[in-house]
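Read through the structures below before going on.
You will see chain A twice below: alongside chain B first, and alongside chain C after that.
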Partner chain A sequence: MKNLIERLHIKYSLTDIVNQRDNFVYLTIRKENAIDLVTYLKDYEGFSHFVLLSCVDWIEDGKFQLSYFLNQPNKKFDIAIRTMIDRENAEMQSSHHLWKHIETYQRELREMYGINFPKNPRIEENFILEGWDEIPPMRREFDTKRYSEKTFFPREGRKTYDPATYMKDKLYPNAPITAKVNKKDE
Partner chain B sequence: MTNDKLNKNQIEDVSKFFAPENKKKNVETPDGQIIEVNPLSDYFSEARPKVHEPNSSKVVETFLNWARAESLWVLGFGTGCGSIEIPPLLTPRFDAFRFGVQMRPTPRQSNVIIISGYLAVKTLKRVIRSYEQMQNPKYVLALGSCTINGGMYFDSYNTINRLDKYIPVDVYVAGCMPRPEALLAGFMKLKELIKAGKAENANKYVENFDEYKANQKKIIKDWNMPDYNW
Partner chain C sequence: MGKLKDILSPFTAWGGVIKDPVTIKNPIGRPAAPRYRGFHKNEVDVCIGCGSCEAICENEAIDLVPVEGIKAKDGDSGLRPMVDYGRCCWCALCVDVCTTGSLTLSDEYTWVSENADEFRYIPGLDKKDWDKNENGWKKPEPNYEFYSLDRVKMPELHAQERGQSFIEFITGYSKQQAELEADRCVECGICTSACPAHMGIPEYIKAIRNNDLEEGLRILYETNPLPEICGRICTHKCESVCTMGHKGDPISIRWLKRYIADQNPSEKYKEILNAENLVDNGKKIAIIGAGPAGLSTAYYLKLMGYQCTIFEKLPEAGGMMRYGIPEYRLPYDQIDKDVNYILSLGVEIKYNVNIGTDITLEDLGKDFDAVFAGTGLHLGRSTRVPGSDNKNVYFATDLLREISLGQEVPLTEKIVVIGGGNVAMDITRSLARLQNIKYGKVDILATCLESEDIMPADREEVVEAREELAIVDPGWGPKEIETENEKIKGLHVVKCLSVFDENKAFNPKFDEENKKFFVADMIVESIGQGMDLSYLSDEFKENLRFSNRGRIEVDDYFQSGIDWLFVGGDIIQGSDVIHGIANGHKAAIGIDNFLMKK
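Moving on, here comes the complex of A and B:
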């Protein structure tokens, strides 16, 4: 498989290669070539199984990281293709024509991160949320606790007492709360 | 009289959310006339729910309450993880049937709904539809701490915190997740309340109808159903 990675590096000028395990490697590539590489691996190298498409929000860099996980069933080899896209007006070339189930992943990413995949079927429809009008909930600038407190009705917690103060008031109202410490002992 | 009908304007506002079958359409009658049909107002009743009055005789009402307590027909509706705790109830080990508890497949045939665990906003919409279609007198049994204060989902963007703001709750069973024995204890408590004539929360829902609807519509933003589902 080392041979394959070298050939891919020459063909697509990968920006980063991370050997995670003997049978699993991360390849990082520019946004424009990512779908080309996925197509090449599917058509010529026998990566017939698409495992998953996931996203990571790097808010500090202003980037989303998309990862396409592919599997080669005969050689039991996995490749994950990472690519960084801009966070502002996030958009990525759709790859639903390669595997049917990418369609569902892309609809989910559109709803949870706001990444647009033009020409993906039913991309504008609701996927899980109904009538959501806030920023997409999986983006890191979305404060889920504040949203929950604002929208739902948080129940007040129960009353709690500091055990030391409570026991003092109950049992020894006149005693000092802290024991005296001699300066010598310190 | 104006209070007797639901506000039609509210229904018009949300027409963008409507499924195709709920939009206004022209239908040809058998004798060739073409009439306009608005499914939301023509296929559903717009009347508000009414309070279920107790019987005038106290003896009869006590007898009826005893009869109601002994036949609890539960809607087979599972939300969240608690829906796994309900099937064992019907097995010989726990045998809920000896308490007069049995499951029903449709809301029209049942009078108890178990909210079994966390409730997503999307599910709440279906719960409201099912609850309103159930027959009076009807009871709500809330299972797990998620229905009390949100439980471990207290900060989730998509699950409610307090169930009693949206539908009235008769009995809470605390725990995460309560065992089937706890659920049976909840049923016993519910029967106690019914026999004492204290499980009147369905009437509370009718009396505070506007308040409950306001709470529901605050979080269900694509309200595309009638205000009261008969």
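Moving on, here comes the complex of A and C:
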């Protein structure tokens, strides 16, 4: 596999290689070449199984990171292709033509992160969120707590105690914990 | 009115009814993966209710609640986590942050109940089928911690270097070290209750993290006007209950306090602490003894508007902090920094005044609105074994005081100290230094009844004494001091089997056959201290209440049987600086309440 990685490096000018395990490597590549590389691995190197497509929101850098996980069943080897795309007007070339189930991953990413994959079938349809009119919920600026407070009612009967305050009430209710100060009117 | 989308969306869902389901049947009965994150388990006896699980929970799924059979006590809030599975997302951050390791997740993931309220329960207390499941998510060990288990090491002088002089050997944290150490605190506040003064410990540690040391100083002074002193020599009961101590080192709370005090220059204290323009209410309070209790009383009374005069028997302020604790642990200029700030507010100290002879307590009662006595435990106690009346047998308290006064103390080449407390270690280490200076070598041995594991001295004192080449040989009972022509030959001891009986009363048992002889030409006794109440006239004593053990009885606010006399500090609570400070604060409140009612 070392050979393969070296060949890929020359062919695709990879920007980073991380050997995660003996049988698993992360390759980072520019957005323009990512689907080419995925296709090459499928068609010529026996990576016949598409494992998953995932996304990480690097909000500070203004980027989304897409990772295409591929598996070579004969050699029991995994490669994940990573690529960074702009967060603003996020869009990526669709790869649903390579494996049917990529359609589903791309619909999910469209809904959860707002990334568009033009030409992906049913890309505009609801995936699991129905009647959603907030920003995509997996984007890091989405305030989950504020949303849940606005949307759901609090559970009845819940009450919590702060350990330090509770201990004061139980163990030393009269002890002074601040200094009493009398000052002249200024 | 809802939006059109809201109204239509339920119908779009119905569209799925005619399609084949894509899910498979719930595989009930299939065991979960070994590290599956299922329902919570909690070892309630190990859990101390610190609330870190609640604090980290992103979903607010955890409440800390009081439970039957577990009471709040030092080191345990008495609360336990209750999980709401309507909110839990099984992320296991609660397990990963748990400081005691009590909280884990079982591998059970199926649970059916028609009662929604059952899905809120207290793991470990509300019995569940999965309580005994071995598999599930536990914090992986080792090296999987959200915080460092090791405290930042305090820089100190090497034993060989520090043993040559009385220079302070703990050098203090740098900014980077203090912030790193402060970063280990989970802010649970379990420590606050164990501190006799109930200092705002998590708050001042947070101030260090925020690099707001002025705020840190303000928090310290709310409950403790002697932070330079306590930052060095406090018995740090807080650290013994610190939740981080369950799996690693407790936070260095004492050194962090010192860091705050050290970093704030004394000339800025008044401004930082906003102590200008204090009221003068015209009422006068006399305080006997400028030790921790007296200074604390004076400080908090002064803030409230009282004129405070401290009467001190010795030539300088500090009491046992100056005349009992050696300079290498607590340098005099640091005592002065704390004391001078209190004086700068207008508290007055009259030095070299002996109550009972120079002025009587009755006179103080007449001249002042109230009196606080914090006169401390300055008298030595004798073992009273044969030979202990020899002139070369000394009390540790006397020698420590003489060293602080700059007097020449008796010294020989071969010394034995009897006692295993902090005072015994103080005199052992002080005399070792003097031997080093005078003879160029150390030959001193400390022995005590208690075996190594139950020695009353702080562990680090024993370790450091040995580093400084003193011998500590615990677990022996003194039998006789052998003398010849008035000269000491040494100390005969027998093995001490136990110190306390089954009723926890002091009742040592010995193995008389197992003997030892420690050669010495000078012996120091350090087996406890007594109080000198000679300033109380007999007539006066009749109006006071005393306990069976001879202590003056006081109420919760340290008011004695004579209403204008308040008593606190070591003579009430036993020797401990931070207790004295706490007593002084509370007595100040007591005096204020008493005089406001008058």
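By definition in this document, the second predicted complex is superposed on the first by the 154 of 186 C-alpha atoms of A that agree within 3 Å, B and C clash if a C-alpha of one lies under 4 Å from a C-alpha of the other, contacts with A are read in each partner's own complex, and residues count from 1 in each chain.
Heads up, the rule we're going with is that a contact is a pair of C-beta atoms (placed from the backbone, for glycine too) under 8 Å apart; a residue touches a chain by one contact, two chains touch by 3 or more.
If you're wondering where the values come from, they're calculated on a predicted model, not measured in any experiment.
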Partner chain(s) touched by A:Met167 [first = chain B, second = chain C, both, neither]: second
Chain B versus chain C as contact partner of A:Arg155, first or second or both or neither: both
Touched partner set for A:Pro137, first chain B, second chain C, both or neither: first
Partner chain in contact with A:Arg21 - chain B first, chain C second, else both or neither: neither
More chain A residues in contact [chain B versus chain C]: C
Which of chain B and chain C A:Ala175 touches, first, second, both or neither: second
Which superposed partner A:Lys100 touches (first chain B, second chain C, both, neither): neither
Which superposed partner A:Lys119 touches (first chain B, second chain C, both, neither): neither
Footprint overlap on chain A, where chain B in one structure and chain C in the other make contact: 130-131, 133, 144-145, 155
Interfacial residue positions of chain B with respect to chain A in the complex: 17, 121-122, 125, 148-150, 154-158, 160-162, 165, 215, 218-222
In the complex with chain C, residue positions of chain A that touch it: 126, 130-131, 133, 144-145, 155, 158-164, 166-168, 170-172, 174-184, 186
Of chain C, residues touching chain A in the complex: 3, 5-6, 8-9, 12-13, 49-51, 54, 58, 60, 62-66, 71-73, 77-79, 84, 86-87, 120, 188-190, 192-193, 198, 200, 202, 221-223, 275, 277-279, 281, 300, 303-305, 556, 582, 585-586, 589, 592
Footprint of chain B on chain A - complex, ascending: 128-134, 137, 142, 144-145, 147-149, 151-155
